[in-house]
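Look at the two complexes coming up: chain A is in both, with chain B in one and chain C in the other.
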Partner chain A sequence: MSLAVGRAGAARLPLGLSVALLLIAIAGGALFSLVTGGRSDIGLAAIFKGDATSAAVIRDIRAPRSLAAALIGINLGLAGLALQAVTRNPLASPSILGINQGAAFGLALALIAPHAVPLPLDGMAMLGALAAGILTFAIAGGFAGRIDAMRLILGGVAVGAFSYALVRFAYTLEDELARSVVRWTVGDITDIRWPPVLRMAFWTVSGVIVAMLAAHRFNLMAMGQDVAKSLGADPRVTLLIGMLLAAGLTGAAVSVAGPIAFAGLIVPHMAKLLFGQDHRILVPTTALLGAALMLVADGMSKVVSPPVEVPVGVVVALIGAPWFLLQTLLAEDLE
Partner chain B sequence: MTGRLGLTYALLGAAALAVAVLSLAVGAVRVPPGVIINTLFGLDGPTQDFIINASRVPRTLLSALTGASLALSGAIIQAILRNPLASPKIIGINSGAALAVLLAAIAVPDLPLGWQPLIAIAGGIAAVSIVYAMAEFRPISPARLALIGIAVGFTCDAGVDFILVTADTYDISAPMIWMTGSLWGRGWQHLEAVWPFLTVLIALGLALAFRLDLIRLGAAQATSLGMNVRIERLVMLAVATLLAAISVSVVGVLGFVGLIAPHIARALVGGASRQLLPASLLIGAVLVMLADAAGRAILPPIEVSAGVLTALFGAPFFIYLLLNRPSHGDE
Partner chain C sequence: MSIRLTDIRAGYDAFRLNDVSVEMRAGMITALIGPNGCGKSTLLKSAARHLDPGPGRVEIAGQDIARIGRRRIARIVSLLPQHPVVPPAISVRDLVAYGRAPHQNLFGFRSAADDRKVDEALDLVELDILRERPVASLSGGQRQRAFVAMCVAQDAPYMLFDEPTSSLDIKYQYEVLDLLRALKSAGKTVVVVLHDIEQAARYADELVVMKDGSFLRRGAPADVVTREMVREVFGIEAKVFPDPNTGTPLISPRDRMSDGAATAARPGCETGRATETVATSKT
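On to the complex of A and B.
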């Protein structure tokens, strides 16, 4: 068993302290996200004065939005973690592998022809995510047993470009949708309300549970497919679990916010920098870190260029894209 | 062999002509072939002067010219990088040019049209310089080069998104359409802004063709044959960058044309650059004219952006290429 722990011992801070700091970051991010917004006069203090309007703004507009941001961070972070684990590729993430864009296409279908599709919005997004994921993995050779790293990434980018073209084609058909296309295609949670957030919470909780149960398998996978096999964890099963998990979590996030890119890439990396390589620790900490990052990004999206709110997906992309570039340059194990 | 080549070129030329006529005929208003001929050659009978002469002729010419430029750019880039996956978009030219044009549109709203190509060039060169500098920094595989280009492109795209969502809607309504790679609303004034540059560059690119064959042999062999490989590569990369960036400045981000056209050309006329470049040129023109015409014909009066169609067909083609190269054959 000691093998599975890997380099976890290299964690920089005591685990308890790190988690405490993360929780503080989440609380700070949540506060930041709650007190910023169009009505800058409405802060937390306003609630305690018993002002009904302020309370309504916080309760009905800002609270669901903040919670949505946190849940999206958890979903995308865990999806990225699972993909990186099962593909053993540091660049894997929902947006790079085309899964985000696949979910967006599924969602666009459901929005345009609600009666012609078999599933509700989040179901269609998950179905789209799964289809794109399967396609990318097939291109990379995942089902034949060996994933080619370059084919995985380049194939994913192509699958993403294809799905994204389909999304834009779908928008061309429907004028009403086209109006919100810019904000929506980059990931936006401005107008979110409670019902979709609660639905998403169900998926997030399920996803965290599945990820916790699969954490040990992810550790075995990190040691190589052959080692994993010899220790009784069939790599193909792990791959399947990781893909279903990533597709479900990504689909749920996209159905609420649209395709937010790069969160799924950078959050797991930050977690690995802070907490080492043991997925039993990485799963909960990635979730916490994702929530913290998205809460801060949501707060920033409201204060970067007032009075215009920058969609949160753009804030994340402005941080995440340069990170991806840096990582592409530095990654040693791609060839 | 020459007979077969001649036939191939004749067929390509005929295809270009046929697609050009198609492009003149389709759209919100269908114009029958007889009327097109009457209008173009000033014959008696029913004519459609405004639709044909003021709208569709410049648009068709522009799509042919930009398609040819993108394809030539792609063929040159694939040859000098010796990378079948490379294309102007993959190595970041398109996104860099797009970001620069958009920045300029926001900073100086009433910028004359003539400046746009120059700004696009600056952006394209900046993006390519980053990618190229990375490739010089240490020996890297073609696939990693593609990846670096994609990452530079993503970074530029993030900047583009930021500008699009923060700018006033009025400022960006035109850039929005342009971003998706469309020839909508393009007319004579756009053609006038770019054709002198593009024709000169196309001529230059074709003139360099035989030197490309030497480079394709590999740096060592080319040097031993008396070439200064480093300089020549830079010159050719510059030509390719300018071709793509100027095209992007008028028609926006038309992905995958620069990737696909050279591959189709290679299948038809073989890999020698002297044949490959002219064939790529014709095929690129046909592809973009066809994408633009199809975009107008599918659901009139709605126009589907040509860029959407090139991505819908280009992305699967890219995957096909990816699957048909040896998985660890990164040279």
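On to the complex of A and C.
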């Protein structure tokens, strides 16, 4: 089960060049995401001409949306990275372990019965993500100290399917309610405004800090539970940190954009291909790569079939699935 | 200054140690021997608190290790598990450097002192010229030496090894055993689980014999490895005689005569339980 990428000794780009390319990708993605939109006549140039409408569109509609896309990319990428590290399973990601769907279920609950649940939308999404993650890890045997790779994936698929079935059940409820559940869970960031984006930015920044602090623990975990323990890092603590991190980041992303699949799976793999296996480097680079991917996807979602927008989650899957397949086929030792 | 285990009842659902009490003396190589499933690995793991000793106590150099945190334990005692995982795409040097983790800050950045310890460890196992190579590209013997070097870099005074020679060719088995002897000369206390009684007798100062989860006997190899012990513990009738080279006991099973190659009648190339080798070995 090892999707071997970034082998030591294999030809890899120098670190400086890779980082430079990454920054260019982010800048390009941000620009792409900002200049595209429903009104094709509005570009960045319009701002400098002092056109008030254009400036308002960019400031109030496009900028929060672009930032939201970038933050979602960071969250999902880091969540996937953390899950892959603590489970030592290359297939681990928020959607495959059911965490994405658990978050959507928590969100749906908050929408259906806002007075019966203890937390606001993003809190409920995180709670749902956490519950799904705990369930999947318990099925895989993680809390007894040994994660079974097959049971992890099977458990995740089952938990995910069950949670999402409950979300879809909400679609059959009264029309008004069903519409809001659909709108929140389909993976769409078209009409997002500043307040939720800023709230999400808080979670993203917190998550990046925690991930940086845990990066070396993640490295030790790659040595296996036994060696990690001998080296003084209790694997159960690492597992707990990874799961809380993944649940928090995924919940925050899902509460803004619904469950977007694939980003959490492929972004860490892309980062490992470019930057190797050291999590102290992978945490920041995965975050940047996730942001770049989502910005490009957001831009593309607006230009693929104008004037209709394709939900950004669909674009991510359209980019991600072929890429993942390619990497799988090219991996030297897929066992 | 020893490892003193008292009433250890560690184990799993199906198997528990029967209140094992034993001491492993400082500055020596102690080998744990016994048939498969007798609990020697379980005892070793409890000594490093990888397993909960139940109501028992583990004291290392007079200190009860139940009272101290995992990082501090890791500075006192290292344990090389039986089939360590090789992480993908890691170089020999980086692997050995992980041994410094218990001495480093949260981020694990290496200090000059860390680099020195890593270099020393690489020199000791003679892997300094392969330091940039991926661990996955090494031979079995080199790979095991790299893991020993990781433990050396960890620089704990008490070093435990769980069947470090298993699944190695005979040449590399002796290479690893010679390394353990070098560690003892460097002042370390070494405790090792070994499958091969003759190798254990040859390299250890003291043997600890276990059977069915219980401690049976402890003592110098020549005193412990006797005809009676081999019959009682391993269930074979054998002649025991001193090795012409070393004087340590050799075992020649009686009833399966095949032109002198008597040792071939041993249980064979048993590799033990591989619980955590999730296919990362060939990356």
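The working rule: the second predicted complex is superposed on the first by the 299 of 335 C-alpha atoms of A that agree within 3 Å, B and C clash if a C-alpha of one lies under 4 Å from a C-alpha of the other, contacts with A are read in each partner's own complex, and residues count from 1 in each chain.
One rule holds in what follows: a contact is a pair of C-beta atoms (placed from the backbone, for glycine too) under 8 Å apart; a residue touches a chain by one contact, two chains touch by 3 or more.
The structure presented is a predicted model; accordingly, all values stated were derived computationally and were not measured.
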Open item on the list: Output check: A:T172 vs chain B and chain C. Expected answer is one of first, second, both, neither. What do you get?
Closed with: first
Open item on the list: Per the contact definition in the header, classify A:G141: touching chain B only (first), chain C only (second), both, or neither.
Closed with: first
Task: chain B versus chain C as contact partner of A:M150, first or second or both or neither - done: first
TODO: Using the superposition on chain A described above, determine whether A:P322 touches chain B (first), chain C (second), both, or neither.
DONE: first
- [ ] Tell me which partner A:V314 touches in the superposition: chain B (first), chain C (second), both or neither.
- [x] first
Open item on the list: With both complexes overlaid on chain A, does A:S305 touch chain B (first), chain C (second), both or neither?
Closed with: first
TODO: Name the contact category of A:V159: first (chain B only), second (chain C only), both, or neither.
DONE: first
Open item on the list: On chain A, which stretch or stretches are contacted by chain B in one complex as well as by chain C in the other?
Closed with: 335
Task: Residues on chain A engaged by chain C in the complex (per definition of touch) - done: 1-2, 4-10, 88, 146, 149, 213, 215-216, 219-220, 222-227, 229-234, 276-278, 280, 333, 335
TODO: Note which residues of chain B are touching chain A in the complex, please.
DONE: 85, 134, 141, 143-144, 146-148, 150-152, 154-155, 157-159, 161-162, 164-166, 172, 176, 180, 255-256, 299, 302-305, 307-309, 311-312, 314-316, 318-319, 322-323, 327-328, 330
- [ ] Within their complex, state which residues of chain A touch chain B.
- [x] 91, 139, 141, 148, 150-151, 153-155, 157-159, 161-162, 164-166, 168-169, 172-173, 182-183, 186, 261, 305, 308, 310-311, 313-314, 317-318, 320-322, 324-325, 328-329, 334-335
Open item on the list: Going by the contact rule set out above, which residues of chain C touch chain A in the complex?
Closed with: 48, 50, 70-75, 78-81, 84-85, 87-91, 94, 98-99, 101-102, 104, 106-108, 132-134, 136-137, 150-151, 154, 275-276, 278-280, 282-283
